[in-house]
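The structure under discussion appears below in the form of structure tokens.
All chains are identified by letter, namely A, B, C, D, E and F, in their written order; residue positions are counted from 1 within each chain.
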Amino acid sequence: MKILVVNPNTSASTTRAIKETALRAASPGTEILAVQPAYGADAIDSAMESYLSAVAVMDRVLSVAEPYDAVVMAGFGEHGREGLQEIVDVPVLDIAESSAHVAQMIGRSYSVVTTLQRSVGAIEDRLRLAGLADRCASVRACGLSTSDVDRDPAAAMEAIVAEASIAVRSDHAEVVCLGCGGMAGLDEAISARLGVPVVDGVAAGVRLAEAVVGLGLRTSKVCTYARPEPKEITGWPISWILGGDVGTEA
Amino acid sequence: MKILVVNPNTSASTTRAIKETALRAASPGTEILAVQPAYGADAIDSAMESYLSAVAVMDRVLSVAEPYDAVVMAGFGEHGREGLQEIVDVPVLDIAESSAHVAQMIGRSYSVVTTLQRSVGAIEDRLRLAGLADRCASVRACGLSTSDVDRDPAAAMEAIVAEASIAVRSDHAEVVCLGCGGMAGLDEAISARLGVPVVDGVAAGVRLAEAVVGLGLRTSKVCTYARPEPKEITGWPISWILGGDVGTEA
Amino acid sequence: MKILVVNPNTSASTTRAIKETALRAASPGTEILAVQPAYGADAIDSAMESYLSAVAVMDRVLSVAEPYDAVVMAGFGEHGREGLQEIVDVPVLDIAESSAHVAQMIGRSYSVVTTLQRSVGAIEDRLRLAGLADRCASVRACGLSTSDVDRDPAAAMEAIVAEASIAVRSDHAEVVCLGCGGMAGLDEAISARLGVPVVDGVAAGVRLAEAVVGLGLRTSKVCTYARPEPKEITGWPISWILGGDVGTEA
Amino acid sequence: MKILVVNPNTSASTTRAIKETALRAASPGTEILAVQPAYGADAIDSAMESYLSAVAVMDRVLSVAEPYDAVVMAGFGEHGREGLQEIVDVPVLDIAESSAHVAQMIGRSYSVVTTLQRSVGAIEDRLRLAGLADRCASVRACGLSTSDVDRDPAAAMEAIVAEASIAVRSDHAEVVCLGCGGMAGLDEAISARLGVPVVDGVAAGVRLAEAVVGLGLRTSKVCTYARPEPKEITGWPISWILGGDVGTEA
Amino acid sequence: MKILVVNPNTSASTTRAIKETALRAASPGTEILAVQPAYGADAIDSAMESYLSAVAVMDRVLSVAEPYDAVVMAGFGEHGREGLQEIVDVPVLDIAESSAHVAQMIGRSYSVVTTLQRSVGAIEDRLRLAGLADRCASVRACGLSTSDVDRDPAAAMEAIVAEASIAVRSDHAEVVCLGCGGMAGLDEAISARLGVPVVDGVAAGVRLAEAVVGLGLRTSKVCTYARPEPKEITGWPISWILGGDVGTEA
Amino acid sequence: MKILVVNPNTSASTTRAIKETALRAASPGTEILAVQPAYGADAIDSAMESYLSAVAVMDRVLSVAEPYDAVVMAGFGEHGREGLQEIVDVPVLDIAESSAHVAQMIGRSYSVVTTLQRSVGAIEDRLRLAGLADRCASVRACGLSTSDVDRDPAAAMEAIVAEASIAVRSDHAEVVCLGCGGMAGLDEAISARLGVPVVDGVAAGVRLAEAVVGLGLRTSKVCTYARPEPKEITGWPISWILGGDVGTEA
């Protein structure tokens, strides 16, 4: 089985980190193809950057020539899942949703700890649209941007643990989800500190993708996620205009 | 006052039609600047096309040199509002939300009649995220695509009236919203047929934009819709790469 | 265009203040007719007073001989909107709802700061029935009664700012609505203090009324808000019994 | 124990019918005092009439000189409960809410069958504000007005049974509530026809009032339902102006 | 009228205390038959113990030979109500639900104060499934187990008052429900301390059972709570296997 | 990895069928241990039978001597998950919830087709408590009991397809979940008939269990699902009383 893991941003180091996490999480025999888009921000902290990422990710996925069995979108709260579900036939997993699915399987309620307060809304929206908000005790921000988290993982861990402690004590969260792709790899240490299970989204996405593929299931094409009717679209795919630069692969 | 009305698709005739509706709806003294993006689909019926539109619309709006007082996004259920709210300071109105706001002011409940069943989900999602779904009795599809509606407005009217009648009789809708920019201009005739108020989104958006501007209010920049932190974004704006073609104006 | 603004209480100074706010908010060319009922409390802080106001306001509006294009009910959380929607044909706007509509147009979430804790429930109920509670982060009381606010606007401003700050910091409100007609005129100063947009309900109501009238729309009469069947009603209108005193006009 | 049952309308025959139902439902030893207001409509089918009733009922209750232990408001969907809860200290039960309470005790879900479609909204609103809408499968209208029901109980029964059958079959209601005070007395016959329990609101209100009184409990006065602060209220109580006519008693 | 009150646990002293509370709450003429199951925990603080109790309670009730008119299940948040509703024909009241019903009749919102935080979820779930969560301001834990409450009622009272004060002040609860059968008898003292009505579940259950019986109503058997189809069930009733020990009676 | 799959009923043929489905769904290398309880009904169609099953399943699982990595509870809508989560440390998956999780990963909305209308409530409740009801378009009954489905799978398939077609056409379900363990094995044929993905709960549960185990995660023991405090429980485990008959294994 081959899983295509897509970093929503253009940072090669993030793509490598995501790939490592995905590999560590994957079952024996699962191959991971980790790619990043050719354009967009190298860290996503706004809706504007998120929408651009949604398009760049669709663009990037369309350019992948080799076959794959599922896609994992490695953005926590980024837009784009419905678009990708339309244009590919294999299952598409989003890591915010995957985290919530897994969290609900192992606890009564969960909290997400993300980066900046301004990103809380996007995560709440994604969970809500996915029908996974009901058992969400809170989405909390640790106050560090995506880049801050990348730059200083030790400081990030302290900030995340501090906020997650409040989630457990005050919001009665029983599971904590790390609400940022860049937090990958911190889950075990944070879980040890807090005494509650900590879910890493990329790992969750990879394992759930394996599960859905293993079940022989694919995205329903009966209505909302049917392939778009073929039509000429000006300037699309944008990567063609960019001289065929479709983005790199980790 | 000048209102920038943005057609989410690349059809010049749709842009012209939207401009006419906007002009008809505007107060005396309000100028309408109607633009369309440089890339994307000429009719939007999928999430993939909607995401591309969200980016193309942000791109297009950023390229407008002259000052304006508000933006009206003329896509019914298209993505992008939060992104635009971040990158401009003036108020940004979305026509799906504007329709719902106005409908709630004049009736206990409303229904939306849109094009294809596959678009229902996108509209439901937008209304839900906007906190306007509670008084929505139903979102119904008349079975015609955006292009079908453009091509044959008479047939569209029959299909819309048929579906809207069910909404009024069975879902107890007291107001009907036309769920597609291309339905602009049909509101009065449909209202006459059904005996209930019919809201046209572009008209609603223009008048609500005037109201917000008149109140001296702008988008809150305190958190979610704050300007994105300045950062270099690869390939952005895309219109630059496209040789500076920023899209036309009606 | 002429807008009938109805003070729900019997205080002439409040009626004058509401009229001033309405005039300041109105577009050029919009006339404001501000009236108050002939009976009821001169400040409304309870459901008992609110119900009496609902009746006195309907009574007062029925006695207005000159034509008008819309009604703005200037009570924040007071009863009566549905009744008035039945007995007049022009659009009826309520300032609590108008505030929420406008707040949702310019921010992800809003809080209301009202007078006493005992009034919080009435405001929550009105927003909920109007389908506008979903994006309401909180309704908070500053601890001063309507009369206190009238008597000492400076103290009121401090109390409102204090409570609104909590709403912004703890409830993550991005817009603040002033939850009492008597707070009119404080919006700009409070906004300057808090750094978030502040919505005054009377101003919002007037501008939204203009918008709905400008759209050529009226209350749907197809079901809930149809005119009551003509029937003899004992003692109605009450103002007749009161010797024809229909209440004053500012 | 003495229970004050208040007919919201001015029809003496309705007051008598309500009194009979209340007496039949009451425990041995419970006295029923049935009153009607001095002004308002003799059948309530609109919000305008409902608001007037809310005031007239408060007025009427204030004029009752003899002591009583609880109040039952015999209007199904009429306004006023919160007002009355403020101005008396004894428990106040509303028959729409009482019906829903009892229905939830004996079935998984319930439907209400009321008179006209235009009254459905008021009942839905009352149940929703009371926190009792979650197990409400539907509120359905049989198409007859309150007066029609009074005039022709046999036809009413057929219409109610027809609509209730749909509620049971299609909405999966397991209990039916009669959504109009005037339907009192039809419950047993309808239950026999439908094979599901049928709840009469007046009976439910009386028995629940007995229960609350028996528990030694009264309305919480800690916040929302505290007595209004004493203040002079112009023209109140209205019955004084009407020459002291406080309405009759059955 | 005879009401069967079932202690969900196997503690004879709890059964006696419940019986005393029930007797104090009952109307003159109502007989109380208080029983306890033959197996299970003598204090229930987990879902495992709760499920066992649900079965043991059904078993115990089936073994009651003498006729009774209603059942009151005296566990606060314990499972089993739907099962009992199926296998007996008389009304079945649960004390968590009964508390909430009564609390909603006398206040705008209520809080529950229970024993341990781990029991909060079970109570929230039961209120939610019963459609009674909407007006629940909070379910709070005082930190003492069911056994702790039994052992030291004075300490329990202090802990409950402390938590209930927070519920009133911070969650704006207007009524407090004692969320544990073992708290019976503390209601009046706590009410005196807090100044808000305090509802004891056993008392509420008994009085509501009287009301439903008095109304001549029984559980709807039309669908969900119909008698199970007769089938052979291995090992059931378990009490037979236990040598016919059906549990004692207070 | 070894997964313990528990049939909630006492039918050996159902246990065998569940085992076959589980084996077919499992990854290479995953062992399936399928067990059934020693007591209870051989087909569960009521809450009474469901509660008994919850206890019998806990009892059965406690008696399993060999180690296992996760539990899959193979009852669709049966009680017991929280109890089992308390008493074992490994992850516990429920097939109703697992179906909903998987369905949400591959479609916008899903419907469940179950056996009898009387079981619909139990499934709705379980999905609701699990926080998975939001994307549930409907739970529909095909009108056949669990035993009927076992006896005549061909007739069951027709009945399920008929009801599922309505779910797809009228409720706009995009995925169908088979709401009964006994429907295992029909998924592919039904999917072929309907053109939408069909999810079998046992298969989903097994694959999700593998995913959670693969992630190294276990049930959160921080609060709700902590081990019950050790206490003596009369008559527990019931299987001891039954002479040590702990139920068979397929």
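Things worth noting here:
Throughout what follows, a residue touches a chain if its C-beta (ideal position, glycine included) is under 8 Å from a C-beta of that chain, and two chains touch if they have at least 3 such contacts.
Bear in mind the structure is a predicted one, so any value in this text is a computation, not a measurement.
More than half of the residue-numbered contact pairs at A-B reappear in one of the options C-E, E-F or D-E, namely E-F.
Between the interfaces B-F and B-C, more contacting C-beta pairs are found at B-C. For the pair chain A and chain E, the distance between C-alpha centroids works out to 45 Å.
Remark: chain C and chain D have CA centroids separated by 29 Å (rounded to whole angstrom). The distance from the centre of chain B to the centre of chain E, with each centre set as the mean of the Cα atoms, comes to 53 Å. Annotation for chain F: residues 108, 117, 120-121, 172, 223-225 touch two or more other chains.
The part of chain E that touches chain F in the complex is made up of residues 10, 38-43, 45-52, 54-56, 58, 79-80, 82-83, 85-87, 117-118, 120-122, 125, 128-129, 145, 223-226, 228-229, 231-236, 238, 241-242.
Those residues of chain F whose C-beta lies close enough to touch chain B in the complex are 108, 172. Residue ranges of chain B in contact with chain F, taken from their complex: 117, 120-121.
Of all residues in chain D, only 25, 27, 91, 93, 97, 101-102, 104-108, 130-135, 168, 172, 174-175, 195-197, 199, 203-204, 207-208, 210-212, 214-215, 217-220, 222-225 touch chain E in the complex they form.
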